[in-house]
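Residue numbering begins at 1 within each chain, and the chains themselves are lettered A, B, C and D in the order written.
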Amino acid sequence: MSTPTQTTPADPNAPKLTRKDFASDQEVRWCPGCGDYSILAQVQKVMPDLGIPREKLVFISGIGCSSRFPYYMNTYGFHSIHGRAMTLATGLKTARPELSVWVVTGDGDGLSIGGNHFLHTLRRNVDLNVILFNNRIYGLTKGQYSPTSVLGQVTKSSPLGTIEHPINPVRVAIAAEATWVGRSVDVDTKHLPEMIRKMADHKGLSFLEVYQNCNIFNDGAFEHFVDKPVRSERMLYLEPGKPMRFGANNEKGIVANGLKLAVVSVGENGAREADLLVYDATDPAMAYLISQMDYPDFPVPVGVFLDFQRETYEDMLLAQVRQAQSKPGSGDLQKLLRGPQTWLVE
Amino acid sequence: MSTPTQTTPADPNAPKLTRKDFASDQEVRWCPGCGDYSILAQVQKVMPDLGIPREKLVFISGIGCSSRFPYYMNTYGFHSIHGRAMTLATGLKTARPELSVWVVTGDGDGLSIGGNHFLHTLRRNVDLNVILFNNRIYGLTKGQYSPTSVLGQVTKSSPLGTIEHPINPVRVAIAAEATWVGRSVDVDTKHLPEMIRKMADHKGLSFLEVYQNCNIFNDGAFEHFVDKPVRSERMLYLEPGKPMRFGANNEKGIVANGLKLAVVSVGENGAREADLLVYDATDPAMAYLISQMDYPDFPVPVGVFLDFQRETYEDMLLAQVRQAQSKPGSGDLQKLLRGPQTWLVE
Amino acid sequence: MNRRITEERDAVTIRFAGDSGDGMQLTGSRFTDTAALIGNDIATFPDFPAEIRAPAGSLPGVSGFQVQFSSRDIHTPGDRPDVLVAMNPAALKVNLRDLPEGADLFVNSDAFAKGNLKLAGYESNPVEDGSLSKYRVFSLPMTSLTLRAVEGLGLGQRSAERCKNFFALGVMFFLYERSVDATVQWIDQKFAKTPDLGEANKRALRAGYNYADTLEIFNRTYRVRKAVLPAGEYRSVSGNEALAMGFIAAARQAGRTLFYGSYPITPASDILHELARHRAFDVRTFQAEDEIAAIGAVIGAAFGGAIAVTGTSGPGIALKSEAMGLAVMTELPLVIVDVQRGGPSTGLPTKTEQADLLQVVHGRNGECPLPVLAACSPADCFHTAIEAVQIAVRYMTPVVLLSDGYLANGAEPWRVPNVADLPGIAVTFATDPHEYQPYARDPRTLARPWALPGTPGLEHRIGGLEKEDRTGNVSYDPENHDRMVRLRAEKVARVAQDIPPTEVVGAKSGDLLIVGWGGTYGAITSSVEELLVKGYAVGQVHLRHLNPFPSDLGDILGRYKRVLVPELNLGQLRLLLRARYLIEAEGLNKVAGQPFRVDEIYRKAASMLSAMQPV
Amino acid sequence: MNRRITEERDAVTIRFAGDSGDGMQLTGSRFTDTAALIGNDIATFPDFPAEIRAPAGSLPGVSGFQVQFSSRDIHTPGDRPDVLVAMNPAALKVNLRDLPEGADLFVNSDAFAKGNLKLAGYESNPVEDGSLSKYRVFSLPMTSLTLRAVEGLGLGQRSAERCKNFFALGVMFFLYERSVDATVQWIDQKFAKTPDLGEANKRALRAGYNYADTLEIFNRTYRVRKAVLPAGEYRSVSGNEALAMGFIAAARQAGRTLFYGSYPITPASDILHELARHRAFDVRTFQAEDEIAAIGAVIGAAFGGAIAVTGTSGPGIALKSEAMGLAVMTELPLVIVDVQRGGPSTGLPTKTEQADLLQVVHGRNGECPLPVLAACSPADCFHTAIEAVQIAVRYMTPVVLLSDGYLANGAEPWRVPNVADLPGIAVTFATDPHEYQPYARDPRTLARPWALPGTPGLEHRIGGLEKEDRTGNVSYDPENHDRMVRLRAEKVARVAQDIPPTEVVGAKSGDLLIVGWGGTYGAITSSVEELLVKGYAVGQVHLRHLNPFPSDLGDILGRYKRVLVPELNLGQLRLLLRARYLIEAEGLNKVAGQPFRVDEIYRKAASMLSAMQPV
């Protein structure tokens, strides 16, 4: 929909950009084998298709390995301070709604020190695209546990295992009233770009959690369901409006009995295609329910958890501005300075 | 259950305290008619029944009208800084698990500036009792909107109406993996004390949202469903394991078709008692679904949203301490100072 | 009533005091506006409790409003009231200590009943037990007279009693020969939606006026003629109003959008409230979830090319300090307003103080310099706001603007500036991809170019890690770090280039120089005026620029035998002056949450001076 | 090989440099421990990039470890290496500038292939193009020799190559006449779970040793005899280890639980890691969601009677500053550790600096004083931690302890203290309801009583609003506020009572006094030793107490013609000294993220001195 705050499309006659055009001249400084490389590659691959001129793109991050991301994108970028990327993005988008503003953050940056800004930026529905690299560890500070580390995980700061119950980023995003919530995996080079495209198309804040492998401090955190051979059996790709199916030959599915979920094999003991739960991405309660699915009892759900419309923060703000400016005689500075009452001294 | 971190019970022979014993010598400085008075009265009423010696009770708050609460309780108290009450409470409870630690906060203190600590303290399940006074306004600073103010609300800082979608404290608490979540109303002098008793009994963090009227800056925010005449028709008291009923004569109820809820009148067009949704306070997905009920489509749910067990932060920490101390030769300071390797200089 | 004498006064100070619920702030403002309208010079000092409404009749619940109005140029709301209006015993108890002998004391006798007396800690009724013999006491049954006046309007008891402040106002209007008309008009507007309340207030107002007129006990009225002020159109303005207008004007002069990000906090919140009302000027206010989010958003908006401002008070500055460091490192233009209040910690939220100076100068990790300005009067806040924006965009730096609770809420007459005369604010943005380097520098200001997202070919990345000179790429090179640290310091030091010569009031050299900053301007100026009249060789310098200092300050300090630095802190400017100029600056320090009284400064200075050269 | 000469050296400095992935930190530590074990004095300086592993072969990826070992008492890791081991071209490029003429240079020739040379920005191979003629170059094919040595163990190429750092270590061991035994043992422990990797490393180590032995090019080996240190049992300790142990010891001495709340941040994180390993000492570590939560929890724990400590670095201090104000207002005992790093903002996270001094002294809203201590060497961190806790509980105040990245990661030999000799820490708690007042004060220290929740009859409330003297009730009374502000200041000033007389090294009066603080101790001390040898009248004072200053400091400063203050900032202690004592203190300031070299201080001082009295 074309709204005043719609990001301006590129001049159609301009030569289409390639993924190379989005690589900056800075050498990438992640550890060899880090999942961040793959995410960077996917983002650079998708950018040319968005049809947004490069100068209109801004990547804003906090602090962390993941937050080095903007340095490697040949767009405008801001590597801010730990946990605060969302706040800079909100200010920039509110001041310059025509820009396409992206936030890159980590499980520590976005959910530990940045948790409060995460909560409030999502509920305001500022039209930002937020990608959270979840490696369930603090990488840059060399391996302490994060709010998404699994209970009992042994790390530098938890030599006897963590005693903290983790939070689920998707669940928190749902409760924060987000209008678009998704999840993908660093190495899924087919699904990840698809998600990035979808979030870019969404008007309003879109939040994408990406499971990312930190091969130095938390290697293999996701391999038990992400690895190619088991992936189709242990991951389920959510598709709005479609029945929930998975499995090597898509033969399995999810059924719901009230609020109780179960895995069935279509065709086996009476389970019919029609019985499968059809995913409704406009219902937060459904999203919340599905977010509870986890391996080994269930396949790990990825894809689009939520996707619906709500007016954005900056649109409502600009509407107030236009409304006020439409009043005759509005915006008269001299009148403002004179105030409600003046008197003359001869 | 008696665990090492159970708060010590009072000496049975000690004379039972009365509500007066819990009133401090400081004169209460809230506006006449403020809902805070009623909450204070209920807390002071319940305290004697808890059987916890007064010196073992600590009330910790942030900043706000609501956060003046500790000054009026004749127990130990800490009126900290804005948004940080949860953090002080965590430190105190972890250092002194035998104390009964209460947090009193507001919608601004606890959910705006304090949102991040709220999220993490709940997920850690520190055994605290948290009461949030939700008046949907910043009282102490004279009437700006808060994260729970309704969209469009006109306040000092939103003369044209707010443009921020509010958050639902109960929903955020659920997503924060809280083990006990409840809601009540300042003027409900029957239900509120019941809730306070229940949260005190819960081992693990208990979070209670209390709708509170600020008669100066947001008067009547809840009257449309709280007022005596309409209350029974517009509020629903959740009771774990019981069918969801409400209405003047308890004649109405809630049924669920999949994830779709509906109000029915038992007996009318075929709706049977047995069809009513039985509330399960151990299922976060159910709690999340019910948290979406709101007036006018539905009655406003109050009562116990969640109530289940998970080991507390301080218990797990102390378990590690005991475990480490049980090792023979552990805790030898000289050994620690000598470290892995030493050499002698004659 | 021709029997009644009219007495000429050149300045009078009245303090209205009562319960938080008695509407004293409103009463005081109405009296102030009327005085202003007839051309008096005025200065006001509202003083209210941190609680919204402490319990009726209690000492903590007392709210006061002091106004000085005069026929000459004044700078303060007056040291001690000539007239105290006390609506209840608590108000009397709290304010009596400031009342000089022989002052006029008006009390609402209806309120001096047992309950209230006890609440205020009075054993017996002071109005009757003779303990007030030092004053001219006028005990009026304001409540009952008000109730009688509004009879028949069918108001409830409570709302009816609420009108008694207008009764008191009416009495004062009569005694000081002011007409009630302006207030009547004001009531008509204000209560348009509730006409019967308006009517009640008008009746109470007139009742008070007529009561004073007909009453025998008043054998005289007082006349305070209009002041001789520079010709022009005037309004009354508070510091927070002036700041808000200053930023709107600055954005207009710069031709940019104004972005104001803030989290409410006393006494800065009113800036947010005021700005939120002006969407018509494309003012984009953002009420953040906390102070950190507020400045974060402001940094983002500055990156985007807005005139970006955040406002708070001391505790909020503490929270913003990490992000202020980011703004220094990324060299983006923004203004951080600190409306100082009593500290440390939560301190005394509604009281005034000057104890954040060292925090804003030194309170960040690493070598992290930024310019610091301080406004010296409510009206001056307007010009300081504009200058802060000018410096920020010219030098590409965050700038701190210091105000305080006294300036924020106090009001004074302000000659309305002509928009055509406002200074222009030149903002230039980089556009040429060929010569663009994110950290290249302007030879004069050392400012780096401002390159806005959306500009083709200028795509670049900035952040909080140390930057390589010119390119702005991340650099851990030791020499580069040392160079950049000194470049950032030098850039801020160069702001002194644009500071006009320091104005010295009084003796240009001699025995004593009084150096002040911020909201103490009025009290210092008044005391210096008196000292000069007495013939002392005293000079006055009031600093608007606290970092960097004006380049001529060192010379000026050297021209006096002694230097006195009065501050509402334990000597923060004094510390900076001593460190910089190695001079034996002495302090007059008060940290009581209250402004200086003129006589406090006068006495201290006089004692230093007479020690040197008895006049 | 009797042909080979043995040369005596009294001190040697070796720098190991390579990729972040080359294990240089480990190689350096192994060499250090071995040197320590045979009784050398040692000092180390690890210097690594902010990235975990920058791309192999790149300049930003270079990681270095410098160690000085000697037969005499030394204080620094050495200005310039006598020996540089460069595992690849990037390491050579980055470190060559520090290498003095004639130094020994060992390069891994296998790594000097096209790709790596290009990554390091070399046109041609420096090892072959003669550009290294100023040095004694030993070009060894370390990789291939290592591969050959570990052949047959069935290791993958990558893991096999990984062993080359042990090869380099072996070579150094031979040349400096150290046995490989200690390292062999260490490998056996370390690789117990992966014996074949252990075996490979041992083979590489021995291969390097034997290669050096049999190789003709080395015509001499070097002997550095054991140092004459005070007798006792020694270990090597880093600053962060020493801090962790100091706090555990302090809690033990106080008989209380140690609560450590922190949010990870370089270079402070290791304190958390170390403490988390010691649950056996009832150490309760809390990894908070952010720095504010960390100090909040610590304040809560202090209220509960724990020995409460929080640790962070500069940006974290900025975030904690509001809560530090709460601790000052509530007068609770806690310690705030600031392990300083390069700033401003994110700055240079892994580099050292001293630029947080003014932040910790002044960086809070309102008048908000607290004691500030600084450790001066890795081992000194232990004693400073204990003293910080002593002051905190004795004066009931938050205390800041300053360390820095150089102290935190650097190591030195430490004579292990006897637990029986540790100072006792007396903590007393209020228990008597009759005489208890929350803000009553100890006549000597002005400390208020510490009353723990759980104590019957002492129920009381504290908070961030101004307190009434003695009762601690909320008070907005002006006089009370002024009194409390001065009481809090006086209490902190009185800490000086317990500061021992300042130790002056060298001339007790004369031409020049060098005043330092913190991690510059070693470099200043070494330079002063040289200056004294040269016969200059120079004195040295190294301040551990930065607020308040020792009471005898003013006198001492007065006894010298000039005062020099070397700091790794733009003159922060200098500013405080000038403001307090009005002396013309001069600065030697370097803000490069690197420690001082001895010769930098020596030259500056010598130039000042010879200007005065040519020796």
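We take it that contacts are C-beta pairs under 8 Å (C-beta built on N, C-alpha and C of every residue); 3 or more make two chains touch, one makes a residue touch a chain.
For clarity, every value in this text was computed on a predicted model and none was experimentally measured.
K.L.:
Does A-C or A-D have more contacting C-beta pairs?
P.N.:
Answer to which pair has more contacts is A-C.
K.L.:
Go ahead and note the Å separation of the Cα centroids belonging to chain B and chain D.
P.N.:
44
K.L.:
Chain A to chain D: how many Å between their CA centres?
P.N.:
40
K.L.:
In whole angstrom, what separates the CA-based centres of chain A and chain B?
P.N.:
30
K.L.:
So which bits of chain A are touching at least two other chains?
P.N.:
Within chain A, the residues that touch at least two other chains are 63, 81, 112-113, 115-116, 119-120, 147, 160, 164, 317, 320, 323-324.
K.L.:
Would you pick out the residues of chain D that each touch at least 2 other chains?
P.N.:
Within chain D, the residues that touch at least two other chains are 50, 60, 279, 289-290, 315, 322, 325-326, 330, 345-346, 463-465.
K.L.:
Make each chain a node and each touching pair an edge, then name the shape: line, ring, star, complete, other.
P.N.:
complete
K.L.:
Help me check something: in the complex, which residues belonging to chain A touch chain D?
P.N.:
27-32, 63, 65, 68, 81-83, 112-113, 115, 138-142, 144-145, 147, 156-160, 164, 216
K.L.:
Write out the stretch or stretches of chain A touching chain C in their complex.
P.N.:
Chain A residues touching chain C: 24, 26, 53-56, 58, 60, 63, 70-71, 73-81, 84, 86-96, 98-99, 116-117, 119-120, 317, 320-321, 323-325, 327, 330-331, 333-334, 336-339, 341-346.
K.L.:
Under the touch definition given earlier, write down the residues of chain D that touch chain C in their complex.
P.N.:
Residues 49-50, 60, 313-315, 317-319, 321-322, 325-326, 328-330, 342-351, 353, 355-356, 358-359, 361-368, 463-466, 476, 478-479, 481-482, 485-486, 488-489, 569-570, 575-576, 578-580, 582-584, 590-594.
K.L.:
With touch defined as at the start, can you tell me which chain A residues reach chain B in the complex?
P.N.:
On the chain A side, the touching residues are 112-116, 119-120, 123-125, 147, 160, 163-168, 171-172, 174-177, 256, 258-259, 280, 283-286, 288-289, 292, 310, 313, 316-317, 320, 323-324.
K.L.:
Can you list the chain D residues touching chain B in their complex?
P.N.:
33, 36-39, 226, 229-237, 241, 245, 248-249, 252, 257, 259, 261, 278-282, 284, 286, 288-290, 292-306, 308, 322-323, 325-326, 330, 415-419, 452-465, 473-474
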